[in-house]
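Please go over the structures that come below.
Shared between the two complexes below is chain A, which pairs with chain B and chain C, respectively.
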Partner chain A sequence: MHPAVYKVGLQYLSGDISGGNARCIAMLQAFQEVVKDYSTPPEKTLNRDMAAKISSCVSFLRECRPLSVSMGNAIRFVKNRIAKLPMTLSESEAKAALKSDIERFINEKIIGADTVIVKHAVTKIRDGDVLLTYGSPTAVEMVLLHAHELGKKFRVLVVDSRPKLQGQLLLRRLIKRGINCAYTHINAISYIMHQVTKVFLGASSVFSNGTVYSRVGTACVAMVATAFRVPVLVCCEAYKFHERVILDYSICSSNELGDPNAISKVHGREDINYFDGLTNNANLKFLNLMYDATPSDYISMIITDYGMVPPTSVPVIVREYQKEHLL
Partner chain B sequence: MWRRSPSFILDERRSSNSPPMADTTRGPFQNPDSISAYYQTRAAHHGVITSDWLAQAQAAVGGVTGEDQPLSSDNQLGTEKSFNVIEEFNNWRKQPDLAEAVAAIRALAAVIRASEASTMMELEIELKKASDTLKSWDKTSISLTAGCDLFIRYVTRTSALEYEDFNSAKSRLLERAEKFGEISCKARRIIAMLSQDFIFDGCTILVHGLSRVVLEILKTAAQNNKLFRVLCTEGRPDGTGVLLSSELSKLDIPVKLLLDSAVAYSMDEVDMVFFGADGVVESGGIINMMGTYQIALVAHSMNKPVYVAAESYKFARLYPLDQKDMAPALRPIEFGVKIPTKVEVERSARDYTPPQYLTLLFTDLGVLSPSVVSDELIQLYL
Partner chain C sequence: MPDVQSTVVEFVNKLRKRKIEGSQATAKCTVELLRSVISHQRVPHANQAAALIDAVKAVGEQLVAANPVELAVGNVVRRVLHIIREEDLSLTTAAMGGLDLLDASDDDDVDNCKGIGYPAMSAAVVAAAARSTLRPPSLQTLLEGTPESATVPYTSSSGADSESKTADKSSLTRKLKHDVIEGVNQLIHEIAGCHEQIAEQAIEHIHQNEVILTLGSSRTVLEFLCAAKEKKRSFRVFVAEGAPRYQGHLLAKELVARGLQTTVITDSAVFAMISRVNMVIIGAHAVMANGGVIGPVGVNMAALAAQKHAVPFVVLAGSHKLCPLYPHNPEVLLNELRSPSELLDFGEFSDCLDFGAGSGSLQVVNPTFDYVPPNLVSLFITDTGGHNPSYMYRLIADYYSADDLVM
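And now, the complex of A and B:
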């Protein structure tokens, strides 16, 4: 195993790298290291051996933490590139081509996509808006910061939830830039929603029936917003789209389970110990889900690098986009 | 902060000196002359015009072009061109039977004709500039923007132009622009043919607004010996319904005129609702004459199908989230009596109908459900 991959895997495991884009970029950069230090063993072809090598890296990363859809798409891109490398290239040429392909993916599909999303999304922020965001989505953070730089006058309501409390980090960064913020937990969402004018959410992935797969609690926020007729805008890069269809909230098949201790105990409050002696009880299970699925009915708009589209248009983008990047 | 009042966000809003709601409503009233040119043209075509309105319109047009000139004055050539293109556009626009998008494309064709560019690149830049001036001249007209975008896209993206020498490419573009007028008329015919399957004998159709496409549909249905009845809303303040009903009565179609406020009252005898559209936006919703949204809401709550007839060049890359999420298109409104100055008047000329209240769109691309609009737009512009 290459040390770069090992390092990234452990960072996933400890939670030092989290967030779809950060995980994906870290993985791709580790792959670049793998490619750089690669040399074809005798009596093997580069295409086949490198693909096998990447596969073993991927299975190691999967052991550390289940892969996200965005990472799956990126891996598919890398493997496709390896398979399509012309046999006529020398080893160093092939490695250079592959590295620049991965670099291009990071720059165009992730970083470039974010700048386009920001450009589109700020047009929807008007003076006097109260924007709600949930958790700590990176794309939304960039949108808010950019809108603030443009001098728009708006307030941000950061909604957060236990046990991760990622919203606090976002809140810190927004306050530092001088954005007017308020902070609350998801329990208060129905109370606060009538003062909100727009909801901005991030997504881990968007499926082709328009279902948004995102941090657990997102569906709840989107549903409450829809009930209050507040528009829900989802910022998501197109490389996170997937052609799969999710109908139910399929908890078991694809969802990731977090540490049950995170919800059974309250950090720093030893006096809250109602579960003491019950943790091994057969009649008790703790469910700490990482993701949930928001049906497309609760989404007004998806902002991607291809512009602002309704959730019904996701399959068109998947079709056009996948065609393009599998070339 | 929360100790003062549980409603801490509202607290903050009240204390700040510019409340957000006031911004959107007050803005328009500060410059009463910013009248939407698009809706002015529509009204002019409807033939209901007051003299002081024309004077206001003149002032508005003068004001806008006056503002435009300093913008492009850094380039002497640009100033000349921009002046030309708007005048040209205005000439075309005055023809009642010509759609606004077609007028825009004819105006751009005039730019090509007048151009002294010697390479494709120069011509493209010149066209882009002209189209930008046109678009900024009347931001409220969706057809104008869509028409410009469509033509520019044709110029920049068509591979057919790549292998030719400059002069033949130029004439090809002109040819295309000329053809566009025909296509626009043809589109109306196609839409009329497509819609015939939906009009059945004995049905009652509610129509709001004076759309050339809807008129064509009803005419065709009458020619096909269909038996149907039309209810026209009055369509204040332009009296669009009055005009439409007189057109229909000439064709011997039974027609009844309604007050705009009588829509819900009459809805139970209606079998379907027909609208035209000023623009079809990316969500699949439509932007149309004021009153469309409320009729669609009434029809939706009574489970009546709502059909929209619109040519595909009205598809626009816009995505309004709600009614106020568009550039305001204002128009003068006559109440017949003097309104005290303290009374505010809602002067917006159009509203946005979200896609969930529309059943089908009849376009020259076929009969589409609202969600397909975005798919078509993605394929057209990406």
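And now, the complex of A and C:
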């Protein structure tokens, strides 16, 4: 195993790298290292052997943490590129071509896409808006910071949920930049939704029936927002789209499960210790879902690098996009 | 009297400092306090009901003002006032019955003479008023055809006729207080026993192999689920943990101790799990007259999710939680904001809390309650049985008299 892959895998495991984009970029950069240090063993072809090598890296990463849909798409892209490498290229040329392809994917599909999303989304923020966001989505954070730099006057409500409490990190960064914020837990969502003018959410993936697969709780936020007639805008790079369809919003079969002990212990609240000595009880279980799926009727608009589209247009983008990157 | 006054002050302080919370506990304390107020209240010979009502009202106003969000306190005060009015009325009608027999000759002209100040006459009017206002309309009262003018305030008239029949009234005075205290005792009994009454109905609603979702920590819900478990129903309970108070942890612990299969989920997973759930059961903090529910924070989210997946949303409420008021903007006006320290460590964010140095301001929102509109509720289960949200106003009308709605 290449040390770069090993390092990234352990960072996934410890939670040092989290968030769809960060994980994907870290993985692709590790692959670049793998490609750089690669030399074709005798009596093997570069295309086949390197694909096998990447596959073994992927299965190691999957052991560390289940892959996100976006990572699956990126892996598909890399493997496609390897398979399409012309046989006429020398080893060093092939490696250089592959590295630059991966570099291009990171720059265009992830970093570039975010810039475009920010450009689009900022047009939707007006003076006096009260924006609500949930968790700590990177794309939304960039949108908010950019809008603030443009001098727009708005307030941000950061909604958070246990056990990760990632919203606190976002909250800290926003306040540092001088944005007025309010903070609450997801339970209080109905209390604060009256004030909200727009909801900005991030997504781990968008499926082709318009379902948004994201951090658990996103569906609750979108549902309450819809009940209060507040528009829900989802910021998601197009490389995270997937042609899968799902109807089951708990997706128990493919959902990632977090550490159950994270629920029984409340960090920083020593008075909440009801489960001390009960954790081995056969009747007591803890379920720590990581993701949920938001039905497309709760989504007003998806902001992608291809523009602002309704959720019904997702399959079109999936088709166009897939054609483009398979070429 | 002074010792009663001091217990009132003590209880008011407890309410104000939120040392005592929860509708069950506050209702129980309130009714016991009112009982001692009534038993210590010296009643004059004339107009004893009015004196009792004034005393109870005076104490009730203080209690309600101490914690306006704890609606059970106001409910119980109104219930006690209703008991006083009813007992007074039934005594007057009973006395009237006795008069009817004594002055049978005088009563001949009652129907054509509507004189004021004629003692027997005014008592008859009171009786008629009693029939038309308090008793449910029956065929008999309709056929009797009591005139509309009969509905005069009876407290004044009972005072009027007490002047002439003082001998009768001296025994009545003692009897009224005795009867009222008897009624209040019944109310205490009812509040204490509402769990069992509600739990008895569990078997009709929870079926084999079902999955129940609940949130918040409610003794009523606990007893309800355990009653079904005792009847050999096997089912699974999902408990949302209810951050930042984590009352779900408390409920889960008690459920596990009683041997129920319990799974604790995060609050954010409510929507994800609702499609796996057969029924949502919650305990109300208060039920408003329009059928809306004040419940633990997060309840509205669960109710919306339940509606989306057509999962029945069942609310358990003892009769002391039925509030005769109609809510206006209840999310804000009938809510209470708690300390931000439950959400954020002051130490961690202390640098962000100063409003200078170009950093943004931070506001932390930590409400206690949530409002569920009546259209999201499938069923109310009270100690008198199951009811639709649209029926709650009528049920509530049985428990309170219209004069006490505004205190």
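The rule we apply is simple: the second predicted complex is superposed on the first by the 322 of 327 C-alpha atoms of A that agree within 3 Å, B and C clash if a C-alpha of one lies under 4 Å from a C-alpha of the other, contacts with A are read in each partner's own complex, and residues count from 1 in each chain.
As a working rule, a residue touches a chain if its C-beta (ideal position, glycine included) is under 8 Å from a C-beta of that chain, and two chains touch if they have at least 3 such contacts.
Every value quoted in this text rests on a predicted model; they were computed, and no experiment measured them.
Considered on the superposed chain A, chain B and chain C are sterically compatible, since they fit side by side. Touch criterion not met for A:92: it reaches neither chain B nor chain C. When the two complexes are overlaid on their common chain A, residue A:231 makes contact with chain B while staying clear of chain C.
Legend: residue contacts after superposition of the two complexes on their common chain; A:216 is shown touching chain C, with no touch to chain B. When the shared chain is aligned, chain C comes close enough to touch A:281, but chain B does not.
Using CA centres, the angle subtended at chain A by chain B and chain C is 80 degrees, rounded to a multiple of 10. By the touch criterion defined above, A:192 reaches both chain B and chain C.
When the two complexes are overlaid on their common chain A, residue A:182 makes contact with chain B and with chain C alike.
When both complexes are overlaid on chain A, the residue A:316 reaches chain B alone and has no touch with chain C. Distance between chain B and chain C in the overlay is 5 Å (nearest C-alpha pair, rounded to whole angstrom). Counting contacts as defined above, chain A residues 180, 182, 191-192 meet chain B in one complex and chain C in the other.
Per the touch definition, chain A reaches chain C in the complex via residues 160-163, 168, 171-172, 174-192, 194, 215-217, 219-220, 223-224, 227, 248-252, 255, 263-264, 266, 268-269, 272, 274-275, 278, 281, 283-289, 292-293, 295.
Contacts from chain C toward chain A in the complex involve residues 238, 241-244, 246, 249-250, 252-253, 255-256, 259-273, 275-276, 297-298, 300-301, 304-305, 308, 331-332, 335, 342-345, 348-349, 352, 358-367, 370-371. Chain A contributes residues 124, 126-130, 153, 155, 157, 180, 182, 191-192, 195-198, 231, 233, 300-301, 306-310, 312-313, 316-317, 320 to its touches with chain B in the complex.
On chain B, the positions that touch chain A within their shared complex are 1, 6-10, 12-13, 16, 18-21, 23-24, 282-284, 317, 319, 321-322, 325, 355, 371, 374-375, 378-379, 382.
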